[in-house]
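Structures given as structure tokens follow.
The following pair of complexes shares a single chain, chain A, combined with chain B in the former and chain C in the latter.
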Partner chain A sequence: MEIVVNVVKEKIRKKMLYITTILGILVVMLFSTDMGSLTIGGKNISDYYVLIPILINVVNFLAGAISLAMSITTIPNEYERRTSHLIWARGVGQGKYHISLAMGNVIVSWISGMILYLTLGVFAIANGYSNILGQIFVATLFMFIYTAIISVMTSALSIKLPAVVTGLIMIMLFVGGAFRSILLLVSAVLTGFGGTVVKRIIKLIPDLAGLSRQAGNLVQGKAVDAHVIIMGLVIIWIAGLGLIFFRRKEA
Partner chain B sequence: MKFRKNVLGYSLYMIMGAGLVLSGFATTERGLKEDDRREYDRVVEDFDELGNLGFDGYRPMDYKVAFSNGEKDFVLDYNGGDYEVSERDAVYQGLVGSIYQDGDEFQVVVPEYETWTATGSSSQLSAVIWHESFHAYQNTKFNVLENSSEDGLSETELAERIDGDDKKRELYAKELEILSQIADEENNCDAMDIALEYVTVESERDALLDEVENTSEDFYEMVEGTAYYVESSVVRYENGDVACEKNYLENAGEYVEGNAKYYHHGMLECMLLDELDPEWKDSYNFDCSLSDVIASYVNAK
Partner chain C sequence: MNCKEERERKTRKKLAEKDMITINNLTKVYKKNTVVDNLSLSIKKGEVFALLGANGAGKTTTIKMILGLAKVSGGDIKIAEGSRIGYSPETPYFPPYLTAMEVMSYYAGIGGDKSKKDKAYLKSLLDMTGLEDTKTKVKNYSKGMIQRLALAQALIEDPDILILDEPTAGLDALGRKHNLELLKKLKDEGKTIIINSHILHDIEAICDRGIIMKKGKIIDTWTNGVSHESLEDKFIRLVGAE
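Moving on, here comes the complex of A and B:
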């Protein structure tokens, strides 16, 4: 627990949370300004009811990006500073140590995400939509899964791979997951063996877009697909295995 | 003691994972997806309200609808309030919204909802099902494809020829401009005046086109224009006038390169015919062009 708290404290010291707050306010403000006559399904986009699912997508994407950035160096830095040796001396196993550091990353990601959602809530009230605050609050739970996927995967990969490689892989998975619909569309156009291979590969990418969509569905009172949520949790679990079983020689 | 604690922890983690994986399998959608089913239900519900839109014997549910992922088709067969779903290898690969002929039967093939929404298309999938099922209707009841000229040009070939000829292009743009007055709420022109003006320009332009171009153009305006008209009517009902105006009518009067202009032109002709005679569809057998039907009203005046 002490390790987890230390990670959170360090990230707060580095003022990452201030940056996310400013970012969040800017993004939500941008979307809350006059969007002209742009409509979706016959409804004006300035209608907050229509806008909220889009904002959820944007806010989750931002929270995911922040989560990636904050998780990428936590474990490698700890090894570099040799703080790990102090931990071993206290009889903490490598698996538990990695899990604690990753938990710290996850909690900081959640705090950042909550700040972003808080700004979303404030703007909902300001626009006279306080009736959907409850749904926005529940939608936050989807952000928890979204950012935990990014954070735990990044933490697990960072144990074995250099930061640049981890970053590249995670950016591809993150962007691919957030824009999975576009990948699906591209793969739908592809035919033959190549198309089949691409379709299989896309299935391995975390469905981050699906999670945001479910949150949007919830806010709009539409049915939520439990499968997307469960598969998100499965990915966190698999990445968790990496935290437990990946080892570093320096230890 | 510590070893036992670790073993217990790892065991619990593995059990939790097994539970999640099992739940994942249990909740995996197999066969027809819920989103696709919902879109089809919407077609059925809309039909209750809209009926055949004036086209005698048209009923979208009369035709099987295949939701395709490019590898498998999930074919939905409506059967008096309920439907059966079967699976087969995809009849088309790639992203396709079309009809498919299976023996004497015409079926509708559309992409799955998830793929369709990713295209960002302004048309909703249920409206696409109406559109494609209308093609199935045209071919089942009126053998439209079978009766079409074998020498006809493909849509793309035709569009390229017209797009590449300034005079033909200019007059087609003029036709669209005249026809679009019917969709303009602020325009108070009499429908017959619009029809007269249109028929005059259309005759002038007909003389410019060779026979194949004329036949092909009439064919695509009729086949695609009427289907697009049906599609726009469904969107108007489902999403209201503003959505229909924005997605179907606002730019319909503008000349665009490619195939879309034939859809727009045919739809506007249908709208003009609605004004000339709301009953025009009752006797329409897809055996003459829409412009011929308009001309017949002008001549009968």
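Moving on, here comes the complex of A and C:
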């Protein structure tokens, strides 16, 4: 537990966390006030109730980006600074150590995500939709899964790979996951062997877009697809196994 | 001397003769480069043992293998059953936003023994190492203060074996004197201490014996007070010679 708390303490001192969170709040503000509106099919969409699924997408995406940025260097830094020496020397196993560090990353991601969702809630009240506060609160659970996927995967990869390589892989998976629906749409027109390969690759990308869509559905009182949630949890579990089984040769 | 006293004397003698660390043919190979080559030694309870050698001799790698921080390529290390080990690294890093007390509390928590988290106990360890200011954040510490904190955290679990990598590096003359006195006190308490240091004067002041390493091999042994030649002269003669 000490390691988890220490990671959280260290991360909340990072300027990047505050800058990104403030940026997120500004984006939510922009969409939530008269300053911002969307035009879909020639119709101006400024009703908060209609905007909220889009806002959830945006907020989850920002929380995911914060999660990636916060998680990428945690484990490599521990080994580079040799903080790991004093942990290993105390008999803490690598699996437990890596899980603790990743848990710290996840908690930081959740904190920043919750701040963004809090902003959503505030603007829901400001726009006269205090009746959907409960749904927004429940929708944060989707954000928890969304950011945990990014955070645990990033942490696991960073055990074995250099930060730059982890970053590149995770940016591809993250952006691909956030726009998975579009990728699926585009790949639908692809045919032949190449098309099959592309479709298979897309299937391997975590369905982050799906999670945001389900959160939006929940807020709007539509049906929620449990399959997307279960798959998200499975991905966290698999990445969690990576935290246990990926090992450093030396502290 | 009655029977009981005799028995106690024998037990004490037996304990003092107990090997705390036994290393047999220890070898470490990094990418075809042998950095520790067939190292064998044993260290008895209560001994202060020196690992000597120039940079790259394999001292720190040996320490890392004893601590389990590096995999052993060959040979074995036996540590007396149930022994607790404390470690002070060569270049300690502590979270800069924590105070000395918070650092101590952090490592005490990791150790798993909740009784060691007692603030009065941790404060006594900091006092022992001469780090009385427990409220200043680590980021404002001098190198010497960090070194003292590293030593204090190594003592948290009340270790039987203390492994110190350059424990007096970065300390001023007063700090060094204080640390050496502390190490003598710890030795008197029966702790087994392994020191890796380049400051040969300090080694002569506190160590009982040691080994001189070069390119991963033991090139000679040293026992305090048995030779007229100073350790420094011996070191230069052996390590300096190609």
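By definition in this document, the second predicted complex is superposed on the first by the 234 of 251 C-alpha atoms of A that agree within 3 Å, B and C clash if a C-alpha of one lies under 4 Å from a C-alpha of the other, contacts with A are read in each partner's own complex, and residues count from 1 in each chain.
One rule holds in what follows: contacts are C-beta pairs under 8 Å (C-beta built on N, C-alpha and C of every residue); 3 or more make two chains touch, one makes a residue touch a chain.
Just so it is clear, the structure is predicted and the values come from calculations on it, not from any experiment.
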Overlay on chain A: chain C relative to chain B, clash or fit: fit
Broader residue contact with chain A after superposition on the shared chain, chain B or chain C: B
First (chain B), second (chain C), both or neither touched by A:K249: second
Which superposed partner A:G240 touches (first chain B, second chain C, both, neither): first
Partner chain(s) touched by A:H227 [first = chain B, second = chain C, both, neither]: first
Contacts of A:K15 with chain B and chain C, given as first, second, both or neither: neither
Following superposition on chain A: angle at chain A, chain B versus chain C, Cα, nearest 10°: 160
First, second, both or neither for A:V92, with chain B first and chain C second: second
Distance of closest approach, chain C and chain B, by C-alpha atoms in Å: 12
Interface residues of chain A shared between complexes with chain B and chain C: 91
Touching residues (chain side chain A, partner chain B) in the complex: 39, 41-42, 91, 93, 181-182, 184-185, 187-192, 195-196, 199, 223, 225-227, 230-231, 233-234, 237-238, 240-241, 244
Complex interface listing, chain A residues touching chain C: 1-3, 6, 9-10, 13, 81-92, 249-251
Touching residues on chain B, where the partner in the complex is chain A: 2, 6, 10, 13, 16-17, 20-21, 23-24, 27-29, 34, 69-71, 93-95, 111, 114-115, 117-119, 124, 239-240, 242-243, 246
Footprint of chain A on chain C - complex, ascending: 64, 67-71, 85, 87, 89, 91-93, 95, 97-98, 106-107, 109-112, 153, 157
